[in-house]
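What follows is subunit A paired twice: with subunit B in the first complex and subunit C in the second.
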Partner chain A sequence: MALEKCMAAIPEFLSKAELLKQGAEARVYRARFLGRPTIVKERFRKQYRHPLLDEKLTHRRTVQEVRSVLRCRRAGISVPVVYFVDYSSHSIFLEEIVGSSTVRDHIASSPPSARCEGLEPLAERVGQVLARMHDEDVIHGDLTTSNMLLRCGPEDGVSELFLIDFGLSYISALPEDKGVDLYVLEKAFLSTHPHTEALFQRLLKSYAAASKKSSAVIKKLEEVRLRGRKRSMVG
Partner chain B sequence: MTIVIGFEGSANKIGIGIIRDGEVLSNPRRTYITPPGQGFLPSDTARHHRAVILTVLKEALEQAGLKPADIDCVAFTKGPGMGSPLVTVALVARTVAQLWEKPLLGVNHCIGHIEMGRLITQADNPTVLYVSGGNTQVIAYSERRYRIFGETIDIAVGNCLDRFARVIKISNDPSPGYNIEQMAKKGSQYVELPYTVKGMDVSFSGITSYIEEAAHKMISSGQCSAEDLCFSLQETVFSMLVEITERAMAHCGSGEVLIVGGVGCNLRLQEMMGVMCKERNAKLFATDERFCIDNGAMIAQAGWEMFRSGQVTELEDSWITQRYRTDEVEVTWRD
Partner chain C sequence: MHLTHELELFPGHKVTQMLFTEVKNAAELRQCAVEGKINGALINPTMLVNPFQVLVAANKAVNSQNNGKMKTRSLYSEIIFNLSPTNNISEAFKRFGCSDGDDSVLVVFIHNEDESQLLADLTARVSGRQVPVEEVSSLTDHAKVKKLYKVTQEEEKSGTLLDAVVCRMAAKDVM
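Moving on to the complex of A and B:
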């Protein structure tokens, strides 16, 4: 009886919350929880998947997301605070980063001519944050410019860069996995923001300078890049 | 009026098709089928193509009711694909282009699939899932390129399926993937298999080596049947494909999906993609085996677009290449 009441409480809570967006994996709501502005990420059932596969994947991703966020936080990387997790509805209650915009919007809204100049400091910052994350052996798994938030600081202050959306993340010390992580970002970066190759190179340089284990990772990145090109493409 | 003939033979299918302003006039094809448990090797495949190509060419012209003089352009697969089969077909295309005194056009095989899919389905600007024995890519058009948003970081999904078919020795006639699909319909037990999505990319080598190693043990121990494994393999790899397609759609804000390539014939994949699309109010476009599977008309169609936008391939540039990225081609026929 008590368990049923608990299980019904989350959906009821969410039905009164403001639905911000429905992504591919989860619905994202804005609400207030414990008196604070909160984002609730609810992973819903994907109907196209076999139920057993769906349950395994959804549970695994919820757990991985929370674990990685906590690990990053302990290492001093800016990520949202985790307030609460419910494993029956696969919902994560996170701190809302109020007054932020995605790095994607930031790059897209700057004029094409200035695109590579004005954004260099930002690219360097991203490289540094990713280096810290990889040095913690956290593989984000889904690095895109939509998964990075910039919160404007006070008038004269620096803006804060947050990483979000750790649903595909896992822990690994392997340079291969870190290389693939950067490869995923490179592809997402260049396909979303055409003609920004120089900007991404800046990011990589900054990453290499900031990370203690970067040379093996960059080497793997170069290998993975070639893999796409060396693969037998029959059929 | 523009009539283009297209030559395709990058893998084990040899097809020649003729297109006239968006109408498929003929599209004959032959498939080199190997015994169960065996894949197809380049030299044997090239030998097969050499033996039948002139017959198929005759069929293409006869079925279209045309003479060589009626053709405006000779298109052929420049790549990607297997070396010797590509050479075999390119050689014939170059020869007839010179004999008939018609311009030549080297076409990217992947773009052939995309342009045929667009023609048949009339999809406006879809997110394209291109899945076959040799390729697995999620593609979206942007600024004169077919950009690859997601792809396999190792082997293609069709390759994974074909290799599993060899392990359990099912027939390659008409294709291993088709037979896996039929067996999967009789499977019911879901067996957990490795599932690997990395951002917008997928990886199939893990699940392939897992299933190659474990299949016989699982079947002989009675844990599950071959049908159950076919079922589980499809459910797993197709879920991965639907997931990366959905991610790309969410990223691009797209409301249409087009599936092309041989694996696109699979009705279960189409069904799963359809469920995902319905949930997002998106539209699904797919073609049937005439156009999903490698064929000559798709090369003719891409050639038609390229030719009309002013492209031509000089004889000295008509070499073939085994590796040819989809995003290498400048899409001059779209803006």
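Moving on to the complex of A and C:
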């Protein structure tokens, strides 16, 4: 039985899929794959880079993303299931978490007055999940509230917290890297959600309680905070 | 009874699965497969959790064939290889391929037209009872699957066994 070769199978498929967003690194599509709602992340070629270098870099980033997702999954962290990876088009086909909203939207839509109190349980859970992730030595690399999804459970309303977008992630045991990961979240959190310092503190407390290696990480976080822009490096 | 799904990435390529129990001629079937007389892959259903698992393996096989990057010699052996969490081809066949003493078998084949003739040919060859493909989940040997795929306890709490299996199949080349 002859199978017609079609080198452009995936690009062809993506041209008909719904483009959700385009970043500097990749395009994200939504489609149906093997009968399931799927998100496809395609890392496209950068024409300005030397082709060999581009290929190596893009391949490495794709590999790191897949490894981090699998590593998180093994640790019991809710992440999308990877259905398929194509290394020639650098595309990752992942489970679409249907019926979810970002933590960002969740926080933004809650009334400002009751914000800190009502969202404390959420902050605690995020802290716990991040602690679990860092204990597995996975550095997310792009922690923001837009990269965390909440999917409502059936009746009792217990929602599941998902981490997504491991495109900048890598494996590291260094407290420095974990501290920076938290710092990135802190900056993103406080700039996206004004007046939520107490909420973030709750998150950090929960993180510290849940992680075995947290003291070194928190210490590094404090050091990193001192390093930022417009900071005096007088130590 | 049987399940057919057209691969979204490869229009025209349809994957059909058939499940049989009370199989009496597993040895003969395996021999036919080895000789290339059967146009399909014979899989041991106790290692399967869900028909979706087979679709994932089949999709990856067709993609590899398309790119000229298959690790095995044929499309059907590639499907069996893709089911395995390891890169050892003979081990994949031993564990996921049908063995002489098996009393159930799942057959998968890839075609582009109407499958009725192929279905009839296969049904005639298998000495057993055809059951709906969805019933494969009742044949699953959960303990064996968990052990082979090295599914952790935490993983089982946060996701399904199918999730764990599919993820490992998809990430095999880089882990």
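We adopt the following convention: the second predicted complex is superposed on the first by the 207 of 235 C-alpha atoms of A that agree within 3 Å, B and C clash if a C-alpha of one lies under 4 Å from a C-alpha of the other, contacts with A are read in each partner's own complex, and residues count from 1 in each chain.
We take it that contacts are C-beta pairs under 8 Å (C-beta built on N, C-alpha and C of every residue); 3 or more make two chains touch, one makes a residue touch a chain.
Keep in mind the model is a prediction, meaning the values are calculated, not measured.
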If we overlay the two complexes on their shared chain A, which of subunit B and subunit C does A:226 touch? Say first, second, both or neither.
neither
A:78 in the overlay: touching subunit B, subunit C, both, or neither? Say first, second, both or neither.
second
Contacts of A:23 with subunit B and subunit C, given as first, second, both or neither
first
Report for A:33: first if it touches subunit B alone, second if subunit C alone, otherwise both or neither.
second
After superposition on the shared chain, which partner residues are touched by A:67: those of subunit B (first), subunit C (second), both, or neither?
second
Between subunit B and subunit C, whom does A:88 touch in the aligned arrangement: first, second, both, or neither?
second
Could you list, by residue number, the parts of subunit B that touch subunit A in their complex?
10-12, 79-82, 109, 132-135, 140, 142-143, 147-156, 158-159, 190, 192, 195, 197-201, 235-236, 239, 242-243, 246-247, 249-251, 261-262, 272-273, 275-276, 279-280, 294, 322-325
Subunit B-facing residues of subunit A, complex
22-24, 46-50, 52-53, 56-57, 141-144, 146, 168, 180, 183-185, 187-188, 191-192, 194, 224, 227-235
Within their complex, subunit A touches subunit C through residues 1, 3-7, 9-10, 13, 31-36, 63, 66-67, 69-70, 73-78, 81-88, 93, 95
List of subunit C residues in touch with subunit A within their complex
5, 7-10, 12-13, 39, 52, 55-56, 59-60, 62-63, 65-67, 75, 110-112, 152-155, 157-159, 163-164, 166-168, 170-171, 173-175
